[in-house]
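Structure first, then comments.
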Amino acid sequence: MKLSEICEKLGIAYNGEEREIAGLNALQEAGQDEVSFLENPKYASQLSATNAAAVLVTASMAQQLPAHSIPLIVDEPYIVLAKASAFFAPQRLEHDLPETAVGEGTVIEEGAFVAKGSRIGANCHIMPGVFIGNNVTIGDNTILYPNVTVYRDCVIGRDCIIHAGTVIGSDGFGFATTKLGEHIKIYQNGNVVIEDDVEIGSNTTIDRAVFKSTVIKKGVRIDNLVQVGHNCVIGEFSVLVSQVGLAGSSRLGRNVVMGGQSATAGHLSIAPFTTIAARGGVTKNVDKGGVYGGFPLMEHKLWLKLQGKLARLLKA
Amino acid sequence: MKLSEICEKLGIAYNGEEREIAGLNALQEAGQDEVSFLENPKYASQLSATNAAAVLVTASMAQQLPAHSIPLIVDEPYIVLAKASAFFAPQRLEHDLPETAVGEGTVIEEGAFVAKGSRIGANCHIMPGVFIGNNVTIGDNTILYPNVTVYRDCVIGRDCIIHAGTVIGSDGFGFATTKLGEHIKIYQNGNVVIEDDVEIGSNTTIDRAVFKSTVIKKGVRIDNLVQVGHNCVIGEFSVLVSQVGLAGSSRLGRNVVMGGQSATAGHLSIAPFTTIAARGGVTKNVDKGGVYGGFPLMEHKLWLKLQGKLARLLKA
Amino acid sequence: MKLSEICEKLGIAYNGEEREIAGLNALQEAGQDEVSFLENPKYASQLSATNAAAVLVTASMAQQLPAHSIPLIVDEPYIVLAKASAFFAPQRLEHDLPETAVGEGTVIEEGAFVAKGSRIGANCHIMPGVFIGNNVTIGDNTILYPNVTVYRDCVIGRDCIIHAGTVIGSDGFGFATTKLGEHIKIYQNGNVVIEDDVEIGSNTTIDRAVFKSTVIKKGVRIDNLVQVGHNCVIGEFSVLVSQVGLAGSSRLGRNVVMGGQSATAGHLSIAPFTTIAARGGVTKNVDKGGVYGGFPLMEHKLWLKLQGKLARLLKA
């Protein structure tokens, strides 16, 4: 989409150089064909390093942009970003794409719906009630149990097992709230990438990224009723026990274990080989592997000690 | 159904005036064509103000009923109510109703099941695996992603988005327990009403009301794996983050934000513009907007202070 | 499968007596046609009492086996068990079994998928989008709402109601982790048995047993978004409120009530007529009925007292 067209739709006066824009992206990730935004003055220092073609910013921050980035000056950049996100949302379900390629030995059972333009490997089993959207890639030997939904553009590796009712690639929980308290949807134009040898339980939800990808790395094990928010990255061989909730942009290293009903706040990272005990609430980055628990989070042995102190307080 | 017939089925001797009864309802809500009940003597003062045609009560409380309400005297009113609720349960799926009306531009994909007697607006998208029961109303431009289930009699507004696997209108968790510990189902004969511009994530559950409606008001945003119990009312533009659990009859004002994994006990109200922090457990009415957290609930700044005190206790 | 064949596939040298092996099982449960394992030296005393045909053990514990149990000596018995579990996994979906028997008055709606070799009683209602796998047994008058998935070999009693999107019999969360941190799936070759008059809400998940059965006894009521792990046994008339999480092998007596978002750690038992308050985290066996709450678990009245102490601490 042409930059001039984007500006016109958003009501931004723009008579500068024309550029072809492929999509939206975060300031630090945006390429030369992408538009970005900055709302929070706290991150203004990131402006100078962006590669974005254009950036939605307030007037006061516009000067900090490098010469190759065009400032698109608006009062509320995040609200305008939300509006712009709709321009790049793909069609939910296209019927005029090439036939989906299906590998040898793959069985697609009656009652499964496989949209066009996808690629399914060899020896897969797609069970009844499964929905696979457009432009999905699935590797060899992967099994989708009944009533699994895979939204368009997602990627699933080989040797994966996804149990019944699980949803891969639904929209992340993203919106900009106006001063009047109304919410404007931020279209989630990224996807989910699941690497090889991942098993996911039943009725779990893994949201697609707002930009780029939510990533589940190889060998991960996810139990039932787990929530993985948009843009999370789950490291190799990590284990998420039932009812875990990962807020958006959580980053787990390899072999992290999250106990039942544990959770993270958003935008936090957890070091490799960390265990979060059941019910633990991760409220800050975990920079060093170990065993943690409690809410707010602490070393698990401190949590146990705290329970001892509370038991004594109770008797006092 | 005739009052005499209801009484006969329930084994209640009744020779009085005949009335036509449309359904059951709570004491304060019941109209002149409805039967109600009172079990708990604590609420006996509500008897005198009821409009109900007839009320299931114990002998000791019967005299407090107004003249227009017929006392139906029983030992265990709640158990008898449960039995009566079955008489008013509609058929799960009828095939002999008029064809469902579908507006212009609406696409119902192959593999969706739309029952008869419903009304779907214009430019909707009903994706594969969706189930829409009898007598459902859906407004214009609304999108139901794959494998969504909408039980009969529910109402969804215009410009709504409901993500995959979400269930609208399943039965509320209602039963009466006998002295022997067995549970008798209370049929949930109400519905769910979702107003305009509501987005709901994947694998969320919103139960139908026992009487009347569970209501999700306009502009609400609900994330994945959220539970909304029967008869809840969620105010305009409220936000429920993933894994929130609302017990039955919770009433949220407008622009309430419930953080991830937070929850309410039943029959509580939360003032407009209140934020409940992640994991907060609402154990009492919140009468004044603000930020709250913890379990039991307290002002969030007090919760933070408490964590500081506990940290000191730990070091002591 | 012949014992010699199992050993060959696992790379275990075995020239002893031939035996026909029907499956795998826990040490104390294994019959004379089953193979078992012991990894943890803590349970070595159980070896002498086993009936298993053969047991995967380390060399140091092999001598404690009775004469009728053949020791299969390996370095990592649990890892080898995981590998062996794949040999006994049934086909996911067979099409060449006898037609499913369907009782009089049962309605299977269009868009439901009923696999072969099953038995459905009379007057059942199987709604659109339901999947019923091979060799499932369903009693009379049972209702499966849309998009319910019942995995193969499960048993559901009469007069049951299962709401939309619920998954019965998905694989328990079982794997053995190698020294390199990779996870090897333990195939879950058991099933789920749901007795009569059970109601289960929407988007709940009940995992099949690794060996034998996960059991939901008669009259149980389970709400929405509940997780029941593999090999749990839920006693008669017990009640699980929304978002409860039961870890594997939890054993609940009759009329246990688990409040919203409460949970158990694995392998614990809860006495009959116990109530766990909302959010309670069961961290040890509950041997005596009563009301408990908090995390770690304590008597609920102590939990209330503790909250009072904390309120005073806050003011101090």
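As written, the chain order gives the labels A, B and C, with residue 1 at the start of each chain.
The rule is short, and it goes like this: contacts are C-beta pairs under 8 Å (C-beta built on N, C-alpha and C of every residue); 3 or more make two chains touch, one makes a residue touch a chain.
Given the structure is predicted, the values throughout are model-derived calculations rather than measurements.
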Rounding to the nearest 5 degrees, give the angle of the rotation that lays the CA atoms of subunit B over those of subunit C. 120
Equivalent interface positions on subunit A and subunit B, same or different at half: different
How big is the gap, in whole Å, between where the Cα atoms of subunit A centre and where those of subunit B centre? 31
What are the residue numbers in subunit A that touch two or more other chains? 111, 129, 147, 165, 203, 225, 243, 261, 310, 313
Name, in rising order, each residue of subunit A that touches subunit B in their complex. 92-93, 111, 113, 129, 131, 147, 149, 151, 165, 167, 170-171, 173, 175, 177, 181-183, 185, 203-205, 207, 225, 227, 229, 243, 245, 247, 261, 263, 265, 281, 295-296, 302, 305-306, 309-310, 313
State the interface residues of subunit B toward subunit A in the complex, per the touch definition above. 109-111, 125, 127-129, 143, 145-147, 161, 163-165, 199, 201-203, 219, 221, 223-225, 236-237, 239, 241-243, 254-255, 260-261, 278-279, 307, 310, 313-314, 316
